[in-house]
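Got some structures for you, see below.
Common to both upcoming complexes is subunit A, partnered first by subunit B, then by subunit C.
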Partner chain A sequence: MTTVQSPVPASAAPVSGRARGAGARGAAWLRVAGGLLAVLGALLPWATFVLNEGPYPEKATLQFFVAPLGLTGFRLHLALLGLAAILVSVRAVRGRARIVRALGWGIVATSLVNGLYITVEGGGLGAITASGGSAAFGAVVALIGGAFAAAGAVGGGIEPLPVREWRMPWWAEWLLLLVLFGLLLLVVSAVLTSGGQGGVVNPYAGAVFLSFLAAAGGAFAALHASGLLTWLAAVAERHRVFSIVVLLVMALLLPLTGAGTEYWMTVAANIGVYAATAIGLNIVVGLAGLLDLGYVAFLGIGAFVAANLSGAAASEIGIRLPFPLVMIISAVVAGLFGAVVGSPTLRVRGDYLAIVTLAFGEIFVRSAQNNIGGLTGGANAIPNIPQVSAFGTAFNESIAIGAVTLPAGVLYYVLIVLLVAVVMLVFGNLKNSRLGRAWIAIREDEDAARAMGIRTGPIKILAFLIGATLAGLAGAFFAHKTAVVAYDSFRFLESVTLLAAVILGGMGTIPGAVFGASILFVLPEKLREFADYRLLLFGLALVVIMRFRPQGIIPDRHRRTELAPVTAQDPPPAKGAEA
Partner chain B sequence: MTAPILEAAGVTMVFGGLTALKDVSFTLRDGEIIGLIGPNGAGKTTLFNCLTGLYAPSRGAVALRGTRLACDPARVTAAGVARTFQNIRLFPGMTATENVLVGRHVRMTQGPLSSLLHGPRFRRSEAEAAERAEKLLAFVGLTRFADELARNLPYGDQRRLEIARALATEPSVLLLDEPTAGMNAQETQSTRQLILAIRDLGVSVVVIEHDTKFIFTLCDRVLVLVQGELLVAGTPDEVRGDPRVVEAYLGAPPEEIEAQIHRSEV
Partner chain C sequence: MLPTLLSQVANGLVLGSLIGLIALGYTMVYGIIQLINFAHGEIFMVGAYGGLAALTYLLPAAIANQWYLALPIALVAGAVIAALVAVAAERFAYRPLRDAPRLAPLITALGVSVALQEAVRVFYPDATAALPFPSIFIEGTLEIPVPGGTVPIKYAGILLALVSLALAAGLQVFVDRSRTGRAMRATAQDRDIARLMGIDPDRVIVLTFLIGGALAGVGGVLYGGYLNNINIDMGFQNGIFAFTAAVLGGIGSIRGAVVGGLAIGLVKSLGGQYLPGGTAYDYVWIFVVLIVVLVFRPQGFFGETERVRA
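Presenting the complex of A and B:
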């Protein structure tokens, strides 16, 4: 937790609360009481008995004050959030109400996740209140504490987001960014691995992950509320090239952290595939404003082309081309299909275009299912696609450099990081160019764009072509990484998930698409037990986001002002992570 | 001052059974400001749409400096005819600067590859475009709103931004569709100054406006369009004194209307 800040000079501190007398003082007490209750809740026992699936993580059945200093896991998070809320409440900190509100929501979300898990697993409210002679009110107390803190924060009046404009010498800012991105790497690694691998042997993986996400979200939202994140973003923007290089290096260092096992490398590589695809989709949807409901087909086309050219025994074309060439061919073929699918945009707009793209996605899946031309393997898929290899090392082997042994799959991870970096570069450069402005102009008002001399037809097709090319590139990687390409990886559901990732993360931004793709493709991995409810939960998440943060979690600079209503400028509970 | 720059010859526009424009011909000379007036529904905006390639005229043609214009807004804009819209059509989610930069689209040469690689030529052309945009915003007096979203600008300034965006295409002819609609006297006055300044840049201007006082004091010549036909064309003084214009605007004297009704009944 890094929400503790230097106190602001008294003159600069907002004193609006004090003027309103008793009501404001009551709110202040409520905030402190909320923080105290959260800490208390963290120390109390959380479950009245050992659950059937095995003991709940973090010694949830521990008795009161058995080991107050030995707190770990979600209880530690709650205690930290509560302490931060108390500390911020008693000191004059700019943006205090917003910070405490964020912390309060973080506490609420964390205790809700754990409380609900214990309740459901324990077969009723008795598990978190009292049964069989033992009492466990930790969840209830912490929940009330969080609600108090949030209510007290809102009751004291919400001031606008503080703006900080500190400047430091360039070397100090570089050092700060280096430390910051290092911490970011550790946080990402911790979030990714929290709860461990989901599955039968690890029944609480989902609970631990969600709880961690809620606590981290609350902490990030609090940081954002203090104006620090905005300031840090401005610092990073001042040293743009340095930041990009450091971020890339940090991404490549992930295998050296706790996430450096074969399993997490595979998860990270899959996230990378979908992140690259989501960025491609972001060109079509986010920039040009053309709704594409069948986009995952381009990922599929790229994957099948790569599978056929890789020398897999099951492929119709029995040739094996070097991997870089396969990638380029996959991208070009997918791009050509993109242009074909994009061509109706010359005549079809809006909802009608969405239907056309939906139909294209279905055509692709059905054709692949029926093994069209013997190219897709139909229900048998195309298995045993050879691994990529370079200098005699297959990419799925673990490698040892000196004393350090890197996990298997690390080379694939490095490759996808570089691929995503390239895709980001393409997106960023195109967005800030004549072409990108033309796309955005078409999104804003197509007729006016034409009147400004933009030849909308070719430029819209170009959006489809480039988006599909990027997806094709990711598809070629996907085929080699998973070694099997089957039609059912490219169903409508995947298209919807990609679209949801773009909208959830924030349309038209790179971090938004990456964040959205990460969340939406990690969650199913973690929450195996909720597989049946996946779509239901996606739908709920989208509704919540559209209601409280229609501009997405990490919005475009423009959309932020455009879509954010004054009353709902803050992130909703536990979703406030901002990179 | 005398060379014809824009020439419309027998422009006719038929929508189904409705003839919106009937054989409209006029010429716009270099450095001239022409006013286009007429009652609602007379076909003024339709004429603009025909001039800018948004509509393909059913008959007739439009020529810029003797070259026939295509029926494609993008190519017409590239040839040098820019316009504003009656109901403001800015790109609301883009900043004022970005709106003007979109106007630079036809004058920039970066292709997709150059946009992708951001080489030195790309950076030169971006810097040049940014400089032009800055100058144009200063020209219409919107420097303080450069980084503001177009949707957040005050109404009058949105109209000015639309003019700046049109000027960014480096037009030789600028078509303004009701540039002072909804403005107060002071804003109208500053718009007049702006149009005169645009003329002084060497751009010929056609203005649609309902405010006849504005038109008669600003324009070199005035065209009166009534029910799709060019009724009168001449200097402001000639047009103002013409009884047909008065009739078109105020209606015929009562006895004449009765006579018309009588005739139609027979």
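Presenting the complex of A and C:
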């Protein structure tokens, strides 16, 4: 990852390939050739495949022969990435090598996914190259093209990330943000639905989804490499309130896009629950630096409290309270337990604290399994929790506004979006508050923080309390949405998954936690054929992330300097702390 | 009354000596590189499956049925496989992070733990459910007469306890007396000074993982022979118990690990018998002990100095 060699100032002229003699010229040719190969690969047969019913080879139809030069789906992505690589290679664009490298890796990843799927699902490498005289193997060609592009980019020398400081009138920037977030909505909707529902419904959902993810990842990485993403983030930061409002509106518009079916609403609501919980955990782990290995227990406590106050037949307390009140009570109870679990932080630090939280989590699961006090239903769970309803409409019904019929479950989706928004607001404000700074100080050096006059004890307990409160809120929602609460949903592995979401996304940032939670809960949904290997890959992924990118995909600025070696590629903090 | 009490004590001591054996691995690794090797419980589990694989797939039935032939082979197989896995985990997962912030290796260890458990579940034949483990010792139960009845102890349980305690004693002598043991103690005290004295810390650390892994592997095989069935969850549970035992005894102390293990075993068996909630809550009592010890006496019974943990 650390490919920066020369501390060239960011404002210096871009280092062009030609300036460095024959080696650089060769690298430039390699980049162009890579782009050309990628485009060529997209046009070749066996770039991708369409499978019909029936045994191989009858079931396989080469897309090439069905629609020669017909570029749709994955082949279109590949061609676009390749064209972009060629264009950037021949024109002097700032940050060129980085852009081409990103595009190259995108091409490699996309072709790899498709090539592997063709090979495995299509009857093996030999069967493919031998059958029907189709010797040209589009995916392999594209793969080599991508590798060429990436190698050429690295060989030509990687310059620092360009910093762009364009300014526009406020209305132009607002318009830009509006368009940008609109596009983001479409991309999110496309990623969510690409490949459709996994499992029996569509056996190739995984292939299509992974391929799309790889192409989108390559495109985003290229945008980031050009310095545009950083610039856009700065623009959004300048119009903070406007951006937040637009983002919220865009999130609420998701049911109107292709993702507007009951199935995707349910998936999105589940992601929302884990995103909210992950943000809560991010307070404890990301801000205060206290590792919590039993965090999912708070989600469970919130869910069980809500289940007991919902009037479900199986609950011990047979009363039914209005949903908003239930949410508040769940959050408060979870928060109190959070304070109890957090109290050992007064004496215990570091990895010993992690084990204490693990012990609390296990005590919760064992107690819930044994139906403690009749409150958790034990192995029978608490089923038939009534739906939330308002104005006579249950939240799991579809609703019609004028001519538009919204899918079932849309109200739950709206509710979880608002809930996540509240959680984000709490997190964002806390992070930039006196309390948040105190947490960060404790994370960096507890003794120094104490010496600076921070009362570390209560402040650490407060981190647990607030984190647990947010999880409790999510738990109350979870209980009503899924209608069943069982101890099984709150095991140690769920805690580890949440922790992994926070770490993968980047500790201490909101987008990181949301992104991590989305990836970790969408991937299993799409990759049903890997269901057996899911946890195995998950464990290995934890090891690999810690080894190669411990700061996560969207790192926090402070955290970044702490966990990774400082490189010249990091732009100086433009203004203040980030959101 | 008395027979019940004594047989629970006997059960507790058998389980406790096993937990002590696993705890040795925790305590040695933590003593040297201050890492809670979360995956150590899974190493124990891998050892059990390794022993089972040797008994089922490697040995002809004629040999597998003779316990005095099968036992040593299964023990060696379990120990070797567990030690190999432990050393591989050290080399590829922990060593690159040796100078990273403290939480990074702990999270890596979690990852190794999940990956190992799942690897066995996916790749070992039929490991999705509990597997029967053949008897590897004299079958049956020793009935000890006491006033009011008898106290039954399985022969395999006696073997488990004796071998565990003997191995722990052997390890103590090894660490106290041998040149390598002295190198281990030196590395635990100060890795940089040890390096100046001509000790290769990497070698010592690998050796620590190797010994800890082998002991856990032996424990896994003996445990399988004692309960006659193994499953992939056994590593996580017993790993947590063993960690509790290591902390209870004082992390870094071999004697402490054994005493802590016996104490945890007794808490589990007696707590399950006499405390409210019965066996359904025996795990809970162990976790309560863990929390209380970590909060109020983190240096344990035999911990000499209070470490500064950051």
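What we mean here is this: the second predicted complex is superposed on the first by the 504 of 579 C-alpha atoms of A that agree within 3 Å, B and C clash if a C-alpha of one lies under 4 Å from a C-alpha of the other, contacts with A are read in each partner's own complex, and residues count from 1 in each chain.
Keep in mind that, in the parts below, contacts are C-beta pairs under 8 Å (C-beta built on N, C-alpha and C of every residue); 3 or more make two chains touch, one makes a residue touch a chain.
Note that the structure is a prediction, hence the values are computed from the model and not measured.
Taken together in the superposed arrangement on subunit A, subunit B and subunit C fit without clashing. By the document's definition of touching, of the two partners only subunit C reaches A:446; subunit B does not.
Applying the stated contact rule after C-alpha superposition, one finds that A:360 touches subunit C and leaves subunit B untouched.
Legend: residue contacts after superposition of the two complexes on their common chain; A:437 is shown touching subunit B, with no touch to subunit C.
Panel annotation: after superposition on the shared chain A, the angle at the CA centre of subunit A between subunit B and subunit C (CA centres) reads 70 degrees, nearest 10. Of the two partner chains placed by superposition, only subunit C is touched by A:349; subunit B is not.
Comparing subunit B with subunit C, more residues of subunit A are touched by C. Fitting both structures onto chain A leaves subunit B and subunit C with a minimum C-alpha separation of 12 Å. The interface of subunit A with subunit B overlaps its interface with subunit C at residues 562.
The part of subunit A that touches subunit B in the complex is made up of residues 426, 429-430, 433-438, 440-441, 443-445, 447-456, 462, 466, 558-559, 561-562. Taken in their complex, subunit B has these residues touching subunit A: 52, 54, 72-74, 77-78, 83, 85, 89-95, 98, 101-106, 108, 110, 112, 114-118, 122, 125-126, 129, 149, 151-152, 165, 169. Put simply, subunit A touches subunit C in their complex at residues 289, 291, 293, 344, 347-352, 354-356, 358-360, 362-363, 366-367, 369-370, 446, 492-493, 496, 499, 503, 532-533, 535-536, 538-543, 546-547, 550, 562-563. Partner subunit A is touched in their complex by these residues of subunit C: 36, 93, 96-97, 100-108, 110-119, 122, 236, 240, 243, 247, 277, 280-281, 283-284, 287-288, 290-291, 294-296, 298, 309-310.
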